[in-house]
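Letters A, B, C and D mark the chains as written, and numbering starts fresh at 1 in each.
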Amino acid sequence: MTPTVFRPSGAGLRSAAGFLATLALGLALLFGAPHTLDTFGLVQCTGFAALAMFGLSQGFVWGFAGVMSFGQAAFLGLGGYAYAVAVLNLGDSTLPVLCAIAVPMLFAALLGYFMFYGRISDAYIGVITLTVSVILFQLVNATSGSQYRIGAAELGGFNGIPAIPALNLPGHPGEPLDTDGIWYAAMGALILVYVVLRAVLASRFGRVVVAIRENETRAQLIGYDPRLYKLLAFTIAAGVAGLAGCLYANWGGFISPTVFGLPMSAQVIIYVLVGGLGTLVGPMLGAVLIQALIITAGSQSVLDSNLGLGLVLVGFVLLVPQGLVPVLRGLSWRLIERRAGKAAPGPLATETAR
Amino acid sequence: MDLAGLLAFNVLTGIATLVLITLGLGVIYGMMRIINLAHGEFMMLGAYTAVMASGAGVNIWIAMLVLPPLVVGVIGLVLERTVIRFLYGRMMDTMLATWGVSLGLIGLVTTLYGNVVRGVSTPVGSFDIGRYGASLYSLVIMATALGALAAMFGLLRFTKFGLILRATMQNPRMAAALGVQPNRIYMATFALGAALAGLAGGILAPISGVSPAMGAAYVARAFITVLGGGPAIITGTGLASGLFGTINELVSFKTTPVIGDVALLAAAILLIRLLPQGITGRYLRRSL
Amino acid sequence: MTLPVPTGLNGVPLRPLIEARGVTMRFGGVTAVAGVDFTLGEVELRCLIGPNGAGKSTFFKILTGQLKPTEGRIALRGTDITGAEPHAIARLGVGIKTQVPNVFNGLSVHENVFVAASRRKSLARTRAIVDETLTRLGLTGIARREVGQLAHGQRQWVEIATVLAQEPELILLDEPAAGMTHEEVHRTAALIREINRTHALIVVEHDMPFIRMIAKTVTVFNQGRILVEDEVDAVLADRRVRDVYLGKQAA
Amino acid sequence: MTRGAMNRREALKLGMAAAAGTVSAPFVSRAGLAAEPIKLGSLLDGSGALGLEGKRMIETTEYAVELLNKAGGLLGRPIQLIAYDTQSTMQLYTQYAQQLALKDKVDVIQGGITSASREAIRPIFGRSKTLYFYNTQYEGGVCDRNVFCTGSTPAQTVNHIVDYGLKNWGKKAYIVAADYNYGHITASWMTKFMKDGGGSVAGTDFFPLDVTNFSSAISRIQQAQPTLVLSALVGANHSGFYRQWDAAGMKAKIPLASSVFGLGDELTTMDPSTTDGIVTCYGWYNDLDTPASKAFVSGMQAKFGADVTDLSELDTATYEGIMFWAEAVKKAGSVERDKVIAALEGGISIESPTGTVTMDGATHHTIRNTYLARPKNRKWEILATFPNSFPADTGGACDLLKNPRMNKQFTPDLKG
């Protein structure tokens, strides 16, 4: 199945070109970075890759399924903790990675069933997801003390879980990947998830998900059950966020309840908004830009990072509500077409955005 | 039972606190369908106003009860004119924008005053319930909460402004046809909500640490209490605060404040699932 | 005409396609639909008329599951569908074009029809249906345009296309001619007659010339109840019908 | 790593090198020290929930580095301070710890405030073999060859406040503590010391750092009717406890002692009526009346302004951490980690504002004076002095001279 099946021909070409360009850039980064960056740079980029995947999760569920999850951090945290607890108990990291994907998906399936089949309106879904992430934060935060342990893993409450073993090749526990290896795993996973999400969106399932975002009543009246599609999209996004949490735990070898916190859910919404709602590249780009901004603010302490984020958020809502990627794409295509001597046909901002 | 008396007193204090932190959010949400995520920061600004004013030698009661609503009301007015008014009818965007405002205010106050916890001392003493001590200040909180509810009721029920507000709430186009500018009404409503948040911040300043990030502790609770209460601002806020405040205080006493908070939030989620329109959306629909 | 059409007030079909019994819908103190009995046969075409607020659209919403009736039962080919979810009723073969254009604004015309056609069908079959539907409704030329940017009339056509692509047994059309040009109205009437060769339809419309073009049997709603149900000429000549419509539209 | 020498992509560096604070640079050029600087990395919270404590510790770090550079640096080389503000965020602690260890490749790290932050970054420095000084009064027990702890620990402080309570107030305590490892372990020590002294604990409650409402807790305490309350509550939000305790009129009924109260600016921001009489015990108080102590306070005030009136043990411990390291570098004649550790384990004493402080080689903790004091009208009233206290909590189990590979944190055994 290709994304061009039912797409306006011009936009389809552009979209395919955009997809290939993103893929090429991703692969170039994947293999190029270990040879051009020092260890620290690579570690830094591994962190960016984990957060970019978190951005993808929010970008998918919000931008394509139209589900306003204000508590996506809940799934990031569940994924990270599931990985940490499982790997500390099992040693080999293969099953723990699957746990990091499965546990958030299971949780999302239950929560989603509760919300979507309970006919809870969109705004309230935002409130409930946010509240659920607050509840998880408070519960995990209150697990200090050695009585709170799952097998060999002490949950550690506010302190979190330090010294989490890194990923290893399947079947070789005790030989954790080095910095390069974790980079390949993280960036490779990011590219894979991007490709998979593209395929999902190009499939019939994906088209219906987008159609439901556009008009839930109409989708119902032609025989689709919006509750089911939203639930599935919500669950898929939770799995992606869980994998991001697993990578995040690998990146620092450490996880604490702050991954469940409101600032984390806030950041990921800002990634999507800045990068571009309704795109997959945008949230990844937004993640890198915003994260770089936070880190720079911290080491300079010139501009308070909250103040910076707040201004960025208000500025984008008021001035660039569609986000960077759609704007940049529109501009670049227009430039290319002008250079090629063609007039820019039709509206392309929204179509190329997908 | 002295202990029961103390517990009942605490429950009432908890309810009153919830009423205070919720009312401003409820006014803005009820009238304008805007979920104001900067609500906690409006409270924070109110608390800072109280701390600054009392530090500058202003009478403590004026510093706590009069100045914060005025100052924060004006700030709310300015924000409405510069940010919010461009986003009417776009619920998600207003949520995001007010979130941006919230982060920005935290950052701004941190930059201006530093990330320092400040405080003002409680202006009244304590009294005994049997052999237990309790703070007289809790009575001040209860009185303020009751006063705020009564004032809101009076405003909505008996004034022309209240009538216009209710009309706009029912049908903005109808109100416009009657010669009322909905924009003016929204502006005033937002300022009113901000002022109520400022009042809550001012009155709670003496018992909680005042710091730039203090608002975060309140916003989730306020938010979910508003939704639990439903469309009738006063009755809804009162009933939901009563329900959630009781659950919170009793569970906290039996276990820990964390479990108390979790119980509050979980109860609220259940309530919203069972009554998506809130308590007053299902019952008491004709109330204010 | 290949199939005999069993219609008429007294010619109740042997096997009704859809049957409503005592359907009542109350909103608070207002009764929008009050005890309606309604029967439609296989491959029948029925027009619903009546002044605004007579309960026609509400009745449509009940038939498609968007509203659950306060009282009464609805059966589709003998299966009770009262209070079923809209998507479940749609899967049983009921399609509706709503009063306000109800389309996927952010998608192209082609995508709109594709999504409607593709439920539980192979890709090849879906494509065939999409191509056929687009050609049938003359939408091929604008197939790649985004629906949100089309004119009102064109969006109506797109909506009809999505309804047809879903291959329903029963088609409900709520004011299909509204906002259309004279020429488009004629095309719509022709299309409805063509569809009616194989499908049952219920059409809500105010445009009396249009009704004359398509109708055989007409049901008149007034104040939530059925006022008259008869052959089109008889209905349009009925004094009571003229009364309820007075000042609204001359028949 | 060989690729460090390869051409780095400037675009991906995100300007972080430029962003790192290089505080001592102007002085270096003036002094004309041409040698490559020794890098001292600092990780402290200049903002956020712990910004209050962190700000003074950052200033102390700058002050100590400046003193060393004024005296000619170390080994003829200037000291370059690379400081990051961790903004009270664990995520940034791991971020900047990796940056200091892998990118800036600093010779020593001084920092970390909460025990949570220490536990987050300790494994990172262990892996990168970067010497780490943790300079905070804490719950004790860290036993790690790569880590030196200069702050006081429960056996030097908490035992004294418990003894004071047992002697003056009664035998039934109620413990309120912060809900993370510091609070839990300190609460265990409090329980142990109470029982050792023949007392009992009526109840223990833990509060996450974001709790601000203590009304239910105060009710519970009243119900339990203890004769004293021991607090290990930490941070900005928890200061609400003392205010609410005072507001409920409890101060006159049940006396308070705390293992952590007053390390921030509580004395300047809270009412004397709220703070007066809360008994504490630390390694240093800014009202300590000795020449070294006064010199430190006036030195800090000269550099950072007269409003520096809220210095605490956190700051002198930071000062001690840097000075211990400097002494060891001088003694070892090198900044190499193993040589510096050997020098420190050989027994080094320095003169600090609190008096003579000696590094105990076996535990990597300090033998130091501690003091019992309570606030009186915004000043500390010193009640007792305990000279040369040994870190017996850690010392009971940890001997890094014998077992250099040991790496764990010991916690009190309550069964014994």
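Quick notes
Following the convention adopted for this analysis, a contact is a pair of C-beta atoms (placed from the backbone, for glycine too) under 8 Å apart; a residue touches a chain by one contact, two chains touch by 3 or more.
Everything numeric in this text was worked out from a predicted model, so none of it was measured.
The chains in contact with subunit B and with subunit D alike are A. Of all chains shown, the one whose average CA position lies nearest the global CA mean is A. Here A-C and A-D are compared, and the pair linked by more C-beta contacts is A-D. Each chain's centre was taken as the mean of its CA atoms, and the one lying most distant from subunit C is D.
In terms of their C-alpha centroids, the spacing between subunit A and subunit C amounts to 43 Å.
Each chain gets one centre point, the mean of its Cα atoms, and the points for subunit C and subunit D are 76 Å apart. The geometric centre of subunit A is 37 Å away from that of subunit D, both derived from CA atoms.
As a whole-number value, the distance joining the C-alpha centres of subunit B and subunit C reads 49 Å.
Contact with two or more other chains is made by residues 138, 141-142, 304-305 of subunit A. Listed for subunit B are residues 110, 216, 256, 258, each touching two or more other chains.
Contact with two or more other chains is made by residues 47, 179, 206, 208 of subunit D.
Under the touch rule stated earlier, the contacting chain pairs are A-B, A-C, A-D, B-D. Remark: subunit A residues 34-41, 43-45, 47, 138, 141-142, 144-145, 156-160, 162-163, 251-254, 256, 258, 292, 295-296, 298-301, 304-305 touch subunit D in the complex. By the touch criterion stated above, subunit D contacts subunit A in their complex at residues 1, 3-4, 6-9, 12-16, 19-21, 46-47, 84-87, 89-92, 94-96, 98-99, 102-103, 115-116, 119-120, 122-124, 179-181, 183-184, 206, 208-209.
Interface residues of subunit D facing subunit B in the complex, by the touch rule stated above, are 47-49, 51-52, 55, 179, 205-208, 210-217, 219-220, 222-223, 236-237, 239-240, 243-244, 246-250, 253, 264-265, 269-271, 273-274. The touching residues of subunit C, counted against subunit A in their complex, run 64, 66, 85-88, 90-91, 95-96, 98, 102-108, 110-112, 114-116, 118-119, 123, 130, 144-146, 149, 159, 162-163, 166. On the side of subunit B, the complex with subunit D involves touching residues 3, 6-7, 10, 13-14, 17, 110, 114-119, 121-122, 125-128, 132-138, 206-209, 211, 213-214, 216-217, 249, 252-253, 256-258, 260.
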